[in-house]
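Multiple structures follow.
Each of the next two complexes has chain A plus one more chain, namely chain B in the first and chain C in the second.
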Partner chain A sequence: MKVLEVQNLGVNFGGLRAVDNFSLSISENELVGIIGPNGAGKTTVFNLLTGVYKASDGEIKVNGKSIKNKSCHQIINMGLARTFQNIRLFNDMSVIDNIKVGLYHRYRYNLMTGILKTSKYFKQEEAINEAAVNLMDVFGLMPYRDYLAANLPYGKQRELEIARALATKPSLLLLDEPAAGMNPQETIDLMNTIRKVKDEFATAILLIEHDMHLVKGICQRVVVLNYGQVLTAGPTDQVLTDSAVIKAYLGE
Partner chain B sequence: MNTFSQFLMQLFNGINSGSIYALIALGYTMVYGIAKLINFAHGDIIMVGAYVCLLSINGGLPLPLAIIASIISCTVLGIMIEKIAYKPLRNASRITLLITAIGISYLLQSSFQLIFSSNSRPFPDIINLPPLIIGDITIAGKYYVTIIISVILMTVLQLFVKKTKTGKAMRAVSEDQGAAMLMGINIDKTIAITFGIGSALAAIAGILYCASYPIVSPYIGAMPGIRAFIAAVLGGIGSIPGAVLGGFVLGIIEALTKAYISSQLSDAIVFSVLILILVFKPSGILGQNAKEKV
Partner chain C sequence: MKKAIYFKKMTITLSGAFIAFVFLSILIKYGIINRYYTGILISFGINVILAVSLNVTTGFLGQLTLGHAGFMAVGAYCAAFISKNLVGLPDVVCFMIALTGGGLMAMLIGALVCLPTLRLKGDYLAIITLAFGEVIKNILLNLSFLGGANGYIGIPRFTDFGWTFWLAVITVLATLSLMRSRFGRVITSIRDDEIASEATGIAISRFKLLAFIFAAFFAGIAGGLYAHYMSIIEPRVFDIDKSIEILVMVVLGGMGNVPGCIIAAGVLTILPEFLRGVDNLRMLLYAIALIVIMLCKYNPNFNRLIHRWRNKLKGADRT
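Now for the complex of A and B:
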């Protein structure tokens, strides 16, 4: 089944056509990259997918269901999760609490059970704790469990953000420039982390990236955006050697 | 009575009014934390709470039911104010929200004046407990009840915010609405819950306030409201322990200046302390310094 189907997506900001006629479909457990020059509309696409912006036209389906008229948190519940270009953790919360925030929407209990602390509450709290510990284990965050998120080293903050997004149990994870600001060694670690996420959590991943080593290293397919439109799309090797792509990036 | 026990008595007076300020300040600070809005209508919720309690008692309801009625109506009122007045302005500038809040405050005062006239009504003596006598200090029943109830409520609130799912959602929304939304948190619901809790605390504060100063009029919310706002700023607005600390500090300074310096000057002194603290620590006692990204 397709986890994501986008057809002829477009959005206008005033007179600016920021994204035009964008189509993309992603299958389960696929790893796809979006590349393109700055201002090409990559992050706008992410914001459209997660419902932060409303599309002017076109259709988006997550796991076969249209996201039209759905609010952001409902779309997340349909199986989408994302990280941000500039890391946006809950800085005043501990590492484990950051992950728990992501986990909570999967567990339903109302205010009264929370206040009265029924046995259902304790069972859920235990399940949530266990799931959080599992996620921290995968990302090597256990030693930082009670650190405030703000005090983590940069690379670990990135990983925590990915762990927090995975906590919502997405079938498609959107990563917005995960390697931004990383040194070459950190980028290599990140590539391993992304591969691990894809294998262990069986999620599809769509990532925006400028680091071509990373794109070449892990993406199965690449979509190139330029001026809001798809310039070309296809298997990574083929696209990265395409003359139109090189032109868009480097000029004539 | 020696000077030391007199001092202790005044200290208790201060803790009593301080705990009421703290309860109200919690509403200011929670709403500010989550909606970045100084909800100036919050003081008038206290007044509504006191009126509902008074009218229910006069209407023949037993005290516990009157208190519950007051809490429920304030909770609903708080949520309604948010839905009708603030929610449509969520993306407007802060100043627009602030002016709307002042407008709501006057709307509440004026409509209560219209319905119930501006005359003050006596509030019944609802806390009839024997005074606590320790040595030569006498603490009136309503005083220790107020303090105990406030401390319990503050502890419960702190646990709620730290430990429960909804509490974590509230902290997440107050830190970064965008990121919280993308963690599957329902922002509208979380903000509504915050207003509801703040208003429920205001209702209880209103009843406790009137137990100490047994008069109800459409304007009684203004002064404790302003004081509590100061307490919230003093403690560091947005911080829950800060609001509690600020409330107690304010109440104690007020009581001690009234007793030892001058009751006319007490407001001037309280406000000077506020100015001094803000000069040296603009973010309040427990507030965090705003981090600027360079």
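Now for the complex of A and C:
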């Protein structure tokens, strides 16, 4: 089954057609990249997928269900998760609590149980704790367990953001410029992390990226956006050598 | 937290509270703490309830609200109305019903204020809540069956030290308990980053509502205690000054810091009383004291000093 199906997506901001006739479908456990020059509408696509902006036309289906008229958090609960271009963590909370917020919907107890602390609370909290620790182990965040998120080194903040997104058990993970601001070594670590995420969590991943090494290294397919329209799409090697793509990036 | 550790901590806390309660009760009974000081203790308790509950919306949820006295007023009038009209029941039952009724009414009003303002934040929400406090005050001024501007009189004096003490303890424990549950984590996450919180699948408006009605409920209880302590209430008492006073306690105690709030409530209750001796300089000295406390609180040298003392105390414990 397709985890994401987008058909003829378009959005107008006043007179500006920010995204036009954008179509994309992603199968389970696929790794797809979106590239394009600045202002091409890549992040706008993400915001349309997560319901931050409402599409003017076209249709988006997540796991076979349309996201029309759904609010942002409802769409997330349908199986999407995202990270942000400028990292957004819960800065004044500990690393483990950041992840626990992501686990909110997976381990439930009601409000009264929470306040009166019945035995169900302890059972569920233990499960939450275990799940959070497992996630932190995957990303090597255990040494930072009780650090405030704001005090983590930059690369670890990225990983924490991805871990928090994965805590919701998404079938599709959207990564918005995960390698932004990273040095080459950090980028290589990140590539390994993304591969690991794809294998261990069996999620599909859609990522926006400017770092061509990363795109070349891990993406199976690439979509190129320019002025809100799809320029080309296809297997990575083929797209990156396409003359139209090179023209859009470097000019003639 | 493991269950056993939690229960151990809880037992220690509760027995500590119980010992403090017995100790203070004995002192009050034998007149060592006279009526004047008992009164201060009761206002301290009421202020603790107010400050800790406001801390849920302002400290943990991160939404600046300036209308907390409004919820207190709703609770006070509603509780007073119930206890005045509910005759023939034992005092304890009547007071319980009155307090709960006051709390629930404040909760309802809290939800009514919160629902249309869910999209607002920061300055805008502050202004709306400020206006709300004034609206409540003016409605009460014009309701003749609640005494209007003359005040609502003849409320039975049910509030004593015991009621205030235990309700303050319950408020503090319930707040801490809420904040340490999955709901508390979500509320704190909204303070830190609303967008990220929503992108993690959290229905933020639901949790804003939860925090608001939780805070309003306890503010209503505090109002009920206040009404049954004073036995006469006027709308004028619940004005913006009162809201600011509570807010100052929260800011002084630290946003999202419950023990800090308790201490701040204590300091800000006792300070004006101690300054009664210098009658006309009282408010001036109060203001200066506030400024000094704030400066000290955020002074790195002062904080280092505190840390050194704390470490010394800990070191002394170990040996």
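What we mean here is this: the second predicted complex is superposed on the first by the 252 of 252 C-alpha atoms of A that agree within 3 Å, B and C clash if a C-alpha of one lies under 4 Å from a C-alpha of the other, contacts with A are read in each partner's own complex, and residues count from 1 in each chain.
Heads up, the rule we're going with is that a residue touches a chain if its C-beta (ideal position, glycine included) is under 8 Å from a C-beta of that chain, and two chains touch if they have at least 3 such contacts.
Please read these numbers as outputs of a predicted model, since none were measured by experiment.
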Open item on the list: Under the superposition described at the top, does placing chain B and chain C together on chain A give a clash or a fit?
Closed with: clash
Open item on the list: Just to be sure I read the superposition right, which of the two partners does A:T168 touch: chain B = first, chain C = second, or both, or neither?
Closed with: both
Open item on the list: In the overlaid three-chain picture, which partner chain does A:D92 touch, first (chain B) or second (chain C), both, or neither?
Closed with: both
- [ ] Please indicate which partner A:Y227 is in contact with in the superposed arrangement: first for chain B, second for chain C, both, or neither.
- [x] neither
Task: First (chain B), second (chain C), both or neither touched by A:Y249 - done: neither
TODO: Would you mind checking which one, chain B or chain C, touches more residues on chain A?
DONE: C
- [ ] Determine, under the contact definition given at the top, whether A:Y147 touches first (chain B), second (chain C), both, or neither.
- [x] neither
TODO: Mind working out whether A:G102 is in touch with chain B, chain C, both or neither, as first, second, both or neither?
DONE: both
Open item on the list: Taking the superposition on A as described, I'd like to know which of chain B and chain C A:F122 touches: first, second, both or neither.
Closed with: second
TODO: Could you tell me which stretches of chain A are touched by chain B in one complex and by chain C in the other?
DONE: 50, 71-73, 76-77, 81-82, 84, 88-93, 97, 100-102, 104-105, 107, 109, 111, 114-115, 164-165, 167-168
Task: Residues of chain A defined as touching chain C within the complex - done: 50, 71-74, 76-77, 81-82, 84, 88-93, 97-98, 100-105, 107-109, 111, 113-117, 119, 121-122, 124-125, 128, 164-165, 167-168
- [ ] Please give the residue numbers of chain A that touch chain B in the complex, ascending.
- [x] 50, 52, 71-73, 76-77, 81-82, 84, 88-93, 97, 100-102, 104-107, 109, 111, 114-115, 164-165, 167-168
Task: Contact set on chain C toward chain A in their complex - done: 1-3, 6, 174, 177-178, 181-186, 188-189, 191-193, 195-204, 210
TODO: Mind listing the chain B positions that touch chain A in their complex?
DONE: 160, 164-166, 168-169, 171-172, 175-176, 178-187, 193, 288
